[in-house]
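What follows are several structures.
Both complexes shown next keep subunit A, but they swap its partner, so subunit B is in the first and subunit C is in the second.
Right after this comes the complex of A and B.
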C-alpha cells in the first residue's frame, strides 16, 4: 500500500499528489490491495491535457480509501486474470477508450457504443448495426439444451435489457445479461467541454431516477469539495432524510413485488400503496416524488421547516404499524418462506470475489455499508444497522431490506427531532472548481455504493467525470445467482436484486 | 389466514374517488407553470440563460413544458416574478405546439381524435416501452396499477405483448440502442393504434438533450398522439391525460 495515496471520501486532492506509478508497479500495488480484503471503488481511464491515456484506481480497504494512477498503453496485461473484481471495469475501459486488456477472460462489450478516441473497435463492431453487433452470445451445446432469450422489451413496465438462459429442462446452466439499451451518454454530457454547469445536477438526478438522491448527493458533494462550498447542518440533515426516504420507498416497493412474484398478493397491494406514501413525503420536501430538484451543490433548493417536518413525523408514525404488520404477514407465510429460502444463493466467497455491494453484498455476508464506513452528510449521527440472515439467498436479500426499512424508520424521526430548520441556497449556484484536482465521493444509495469521481484540468474545467452505480458491481451477482436454479425462479431472483439498467448503462 | 384478514381490515379501502372527487397535491408540487408577462426583460433573460433545459423563450414569454424538468430553478431565481409553478397536474396535450405555454393549455378532451374515444373509450390496452429513461417515468407509470389509483377500474391496462395492445406508451429519450426495439414494437401493435410520449425525455430528450447517443424526440420516429409532460409526470398527470383523451 506504500505506493498508494490515502484519501478521504469527498475531499479534493491535487492531481499532482496522486502517485503516477510505472504500470507494472501500479498493477502490482492495486492487485495486492484488492486480491484479498480490498475492493474496487473506481477504475477508469481518461485522456490528460496532452491526450495521453491515464488510468486511475480508487480502492477501499477497510476504513481506508486509496488512489493511484499510471499511464496506460494500447494493450496491457489484464487485471481480471488475477482478480475478478476488475472484470467489468476493464471491459468498460476497453469500450470507452479502445484499449485492450490482454488475456481478459471475457472481453465483450458493455454498453455497445464506439470509443471516444476514434480507435479501431476492440470488439470489431460496426455501430451502425444494432446491438449486440457481431457478438455471438454464449451458448451451451447438447441435445437436451435449450435457450431462452428475453428482451430488450420486457413483459412489464420495466427497463430494457437482454437475458439469455442456457437451460436443461427447467434448470439454468448459465444466464448471460446484455445491457446497454439505456445508454444515453451521461458521462459524456457531464464532461462535455463548455457544458452549462446548471445542467449537471439535472443530468446527475437522471442517471438512475430511483436513485436520484444518491446520485445527486455524489454529484453535489464532489462539486462542493472542488469549489469549497460549505453545506449547513440543516441541509445535511435534510439530505440524509431524503436518502433514507429513497431507501424506504424502494425497499418497500420491492418487498411487495417479491411477494407478488411468489403469488402472495396482499403484501403486493399494501406495499404498493405504502411505497407511494413515502414518495409523497419526498414530494413534501422536493416538490417531486423522486426528490428531483432538491439537492444542489452547496445545500438544498427548498426550505424544510416545521411544517414539512410535522408532515413527515405524522406520516411515519401513522404508517409504521402497518409496515410492521404487513412485513410480519409476508415473512411468516409458509408459502413465501418456502420460495424465498435457498433460492438464488450467492455464497459469501463468490460475492467477495465479484465485489458485490449494498444489500446484495450484505445479504451474502459482506457487511460493508458506506453510511458507516465513509459517513457523509449527517450519517455520523445515525446508528449502524445490522443484519441477521446473511446466507446469500432471496430470503436474505429480502430480510436485509426489511431490516433496512425498520432501521430507516427509526433513523428519520431521530433526525427530525433535532428540529433544525433547513434554509435553501440561492439557485442557480455559481462556483469555480479548483484546478488540477481530483475528488471521489461515495454514498450508500439504496442499492449500495454510488460513487462519482471528478478530475479537473488547469483551468478548473471538468476533464473527466466518472459515474459508478452499485448495479455496475451487482449485475454479475444476479447472473451467478441463477446458476443451477429453476428458470421460473428468475423473476424472484431478479427482483431480490432489483438492479438498475440505466444506472449501469449511463 | 388470520393475519391476512387482520391486515385486510387494517389496510381498508384506499382507492381514490378521482375523478368524481378532486385530488389536491401538496402545495410544493410543481405543476403547470405561469410565465408572468410583466416580468422585467433583463431578469427574464438571466433566468432563460440559466435554465438547464433552455425551456424559456424570452421573446415570446413562453415556457416549453416539453423541455422543462420542473426543477423550479426559474421560480426561485426570479423570486416568482418570471415563472410560478402551480399545483395543477393537468399537463397532457395532443400537440407539441401547445406545450409552449404562458400558463394555459387547450382542453385535452376536445383535442382528442374522435375515433380514439369510440375505439378505446371502454377498453385501452397499452404496451409500455422504456427507451433510455431513468426509470422514474416507468416507476410512476407502474404505480397506476397500485390500489390507490387502480387504473384497471377505468378499463385501462398495461399489457405484456404488443399484439394485445392498442398502442404504445414510450418513456425515455430513445437511446440509439433502443431505436430498433421501439420501431419493431410499434410495428407489432395492430392498427389503429395510439402513440403516447410520456416524460420530457421522450418529448425533447429531457435532461439528455444534445447527446449523440439518443434520438431525443419520439415524434421524429413515429407520429405522437398524446404528450404527457413531466420529469417524471406525476401519476395524476398520466391518469388525467389518459381519462381526458380516451374517455
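Right after this comes the complex of A and C.
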C-alpha cells in the first residue's frame, strides 16, 4: 500500500499528488489491496490534456481510502483474473475507451455504445444496429436444458433489462443480466455541461430517480470540495434528513412490494400508503416528492425552518406505530417467512468476492456502511445501526431493510431536535473549480455506496466525471443469488435487491 | 338418461350461472377489506366481461386455429358441468348415472385445450405455465377420484343428482360426518388448486415467471379472454357449490328457502377463499405438490375407513 495515496472522502487533492505508477507496479499494488480486505470504489480510465490514456483506482480498505493512477496501454493484462471485483469495471473501461483487458473471462459490452476515442470496437458490435447487438450469452448445453428470455419489456411498470435464464425444469443453473437500454450518457452530459454549471445538479439528480438525494449529495460535495464552498450546519442536517427520508420511503415501498410478490396483500396496501406519507415529507422540504432541487452545491435551495420541522416530527410520531404494526404483520406471518427464508442466498464468501454494497452486502454479512465508515454531512452524530440476520437470503435482505427503517426513524427526530434553522442559498451558485484537482465523494444512498469522482484540468474545467451507482456492484449479486433456485423465485429475489437500471446504465 | 326437464331446475341453473361473476366480487371485497381498502365495485366482473366482449381479439401470426379453439372449449366444458349440478339440492337440468366421471374429464378436456392453446403461442413463459398447470392438476385429479370412490361407498351412486338426494345422501349432517369433514378440507384444497388461487397460484400477480394459470392465457384478448374468464367463473362456482351441498342438507325443506341458504353458503365459501388469500402468502413452487397431496392423503384415509376390514 506504500505506493498508494491515502485520501479523505470528499476532500480535493492535487492531481500531481496522485502517484503515477508504472503499470506493473500499479497492478500489483491495487491487486494486493483488493485481493483480501480491500474493495473497489472507483476504477476508471480518462484521457488527460495530452490525450494520453490514464487509469485511476480508488480503493477502500477498512476506514481508509486510497488512490493511485497509471498510464494505460491499448491492451493490458486483466485484473479480473486475479480479483473478481474488477469484472464489471474492466468491461466498462473496454466499452468506454476501446482498451482490451487481456484474458478477461467474460469480456462483453456493458451498455452498448461506441467508445469515445473512435477506436475499433472491442466487442465487434455495429452500433448502427438496434439493441441487441452481436454478443453471446452464457449457455448451458443438454437435452433437458431450456432457455428463458425475459425482457427488456416487462409486465409491470419497471425499467428495461434483459434476463437470460438457463434452466432444467424449474431450476435455474445460470442467470445472465444484460442492461444498458437506458444509457443516456450521463457522464458525458456532466463533462460537456461546460459553463452551464446550473445544469450539473439537475443532471446528477436524474441519474437514478429513486436516488435523487443520494446522487445530488455526492455531486454537491464534490463541487464544494473543488470550489471551496462551505455548507452551514443547518443545511448539513437537512441534507442528512433528506437522505434518510429517501431511504425510509424506498425501503417501505420495497417491503410492501416484497409482500405483494408472495401474494400477501395487506402489507402491500398499508406500506403503499405509508411510503406516500414519507414522500410527502420530502414535498414539505423540496416542493416535490422525490427531493429534486433540494440539494445544491453550497447548501440547500429551500428554507427548512421550525414549521417544516414540526410537520416532520408529527408525521414521524404518527406513522411509527403503524410501521411497527405492519412490519410485525409481515415478519410474523409464517407463510411469508417460509417463502423468504433460504430463497436467493448469496453467501458471505461470494458477496465478498463480488464486493456487494448497501443492504445487499450487509444482509450477506459485510457490515460496510458509508454513513459510519466515511461520515459526511451530519452523519457523525448518527448512531451506527446493526443487523441481526446476515445469512444472505431474501429474509435477511428484508430484515436489514426493516432494521434500517427503524434506525432512520430514530435518527431523524434526533437531528430535528438540534433545532438549527437552515436558510437557503441563492441558486445558481457561481464558483470556480480548483485546477488540476481530484476528488472522490462517497455517500450511503438507500441502495448502498453512491460515489462520484471528479477530475479538473489546468483551467478548472471538468476533465472527467465518473459516476458509480451501488447497482453497478450489486447486479452481479442478483445473478449469483439465482443459482440453483426455482425460476419462479426470480421476481422475489429481484425485488429483494431492487437495483437501479438507469443508475447502472448512466 | 333422465330427461325430466323442469322449470325450477332450469331456473336454479340460470340463477347460479348469472351470479357466478358476483361471487368473484366477494373475494375481491374481502381482500380489499384486509388491505384497508374500499375495493372495486361489487359488479366489477360483469363490467370486465362486458368490456372484453365489446373489444376485438388480437391473434399472433404464429398461432393456428388451436389457439382460437382453446377459450371456446374451456368455456363450453365448464358450462356443461353446471348443467349437471343440483344447485341448492334442486334436480339438475341434465343427469345420468356415472355423469361425475364424464364431467371431471370434460373439465380435463377444457384444460387440455387451454394447454394446447398456450403451447401454440410458442412462448417460453406459456410452456412453463402449462407444465405447472398439468402437473398440479394431475395431482388434484387423484384427490377427486378418491373422493368419488368414497362417495360411491357411501351412497352407491355415481351422479351428482343422486349424491345430494334420496336416502343415501352424502352430507356433513349424515352418519358419515367425520369422513365428509375430511372430504370438505380436501375439496377446499382442490378448489384453491383448480381455480388458481393463493397459496397455489396468485391470480393478481403481474410476474410471468411465478404464474401458473394466468401465464397460459397471456396472449388471449377480447371475447376470447371473456370466454376464458366465464369458464373460470363456472369452474369456481362448481367447486363451491359442490362444497356447499356437502355442508347443508338441501334435499329437505322448501325450494325457495334452500336457494336462499345455498347462496348465503356460497358467498361464505367465496369469502373464505378471500380470507385465505388475505392471511397467507403463496407457497414456494416446490411446496405446492405437498399441499395438494395433503388433500389426497386426507381423502385416501377417509376412504380406507369405509373399508370392510376397518369396520
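The rule we apply is simple: the second predicted complex is superposed on the first by the 504 of 506 C-alpha atoms of A that agree within 3 Å, B and C clash if a C-alpha of one lies under 4 Å from a C-alpha of the other, contacts with A are read in each partner's own complex, and residues count from 1 in each chain.
By our rule, a contact is a pair of C-beta atoms (placed from the backbone, for glycine too) under 8 Å apart; a residue touches a chain by one contact, two chains touch by 3 or more.
These numbers come from a predicted model, not from an experiment.
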| item | value |
| --- | --- |
| Clash-or-fit label for the pair subunit B, subunit C on subunit A | fit |
| Touched partner set for A:212, first subunit B, second subunit C, both or neither | first |
| First (subunit B), second (subunit C), both or neither touched by A:270 | both |
| Which of subunit B and subunit C A:400 touches, first, second, both or neither | neither |
| First (subunit B), second (subunit C), both or neither touched by A:148 | second |
| First, second, both or neither for A:241, with subunit B first and subunit C second | neither |
| Greater residue coverage of subunit A in the superposed arrangement, subunit B or subunit C | B |
| Partner chain in contact with A:202 - subunit B first, subunit C second, else both or neither | first |
| First, second, both or neither for A:300, with subunit B first and subunit C second | neither |
| Which of subunit B and subunit C A:156 touches, first, second, both or neither | both |
| Contacts of A:328 with subunit B and subunit C, given as first, second, both or neither | first |
| Overlay on chain A, subunit C to subunit B nearest C-alpha distance, Å | 5 |
| Common interface positions of subunit A, toward subunit B and toward subunit C | 155-156, 266, 269-270, 273, 333 |
| Contacting residues of subunit B [partner subunit A, same complex] | 3-4, 6-8, 10-11, 14, 25-26, 28-30, 50-53, 69-73, 76-77, 85, 127-143, 145-148, 158, 160-161, 172-173, 175-178, 180-181, 185, 201, 206-208, 210-214, 231-232, 234 |
| Interface residues, subunit C side, partner subunit A - complex | 31, 34-37, 124-125, 128, 131, 198-199, 202, 204-210, 277-287 |
| Subunit A - residues contacting subunit B, complex | 111-113, 130-131, 152-153, 155-160, 180-186, 188-189, 192, 196, 198-199, 201-203, 205-210, 212, 253, 266, 269-270, 272-273, 275-276, 279-280, 283-290, 292-293, 301-302, 311, 321-322, 325-326, 328-329, 332-333, 424, 426-428, 500-502, 505 |
| In the complex, subunit A residues that touch subunit C | 146-150, 155-156, 169-170, 259, 261-266, 268-270, 273, 333, 335-336, 338-339, 343, 486-492 |
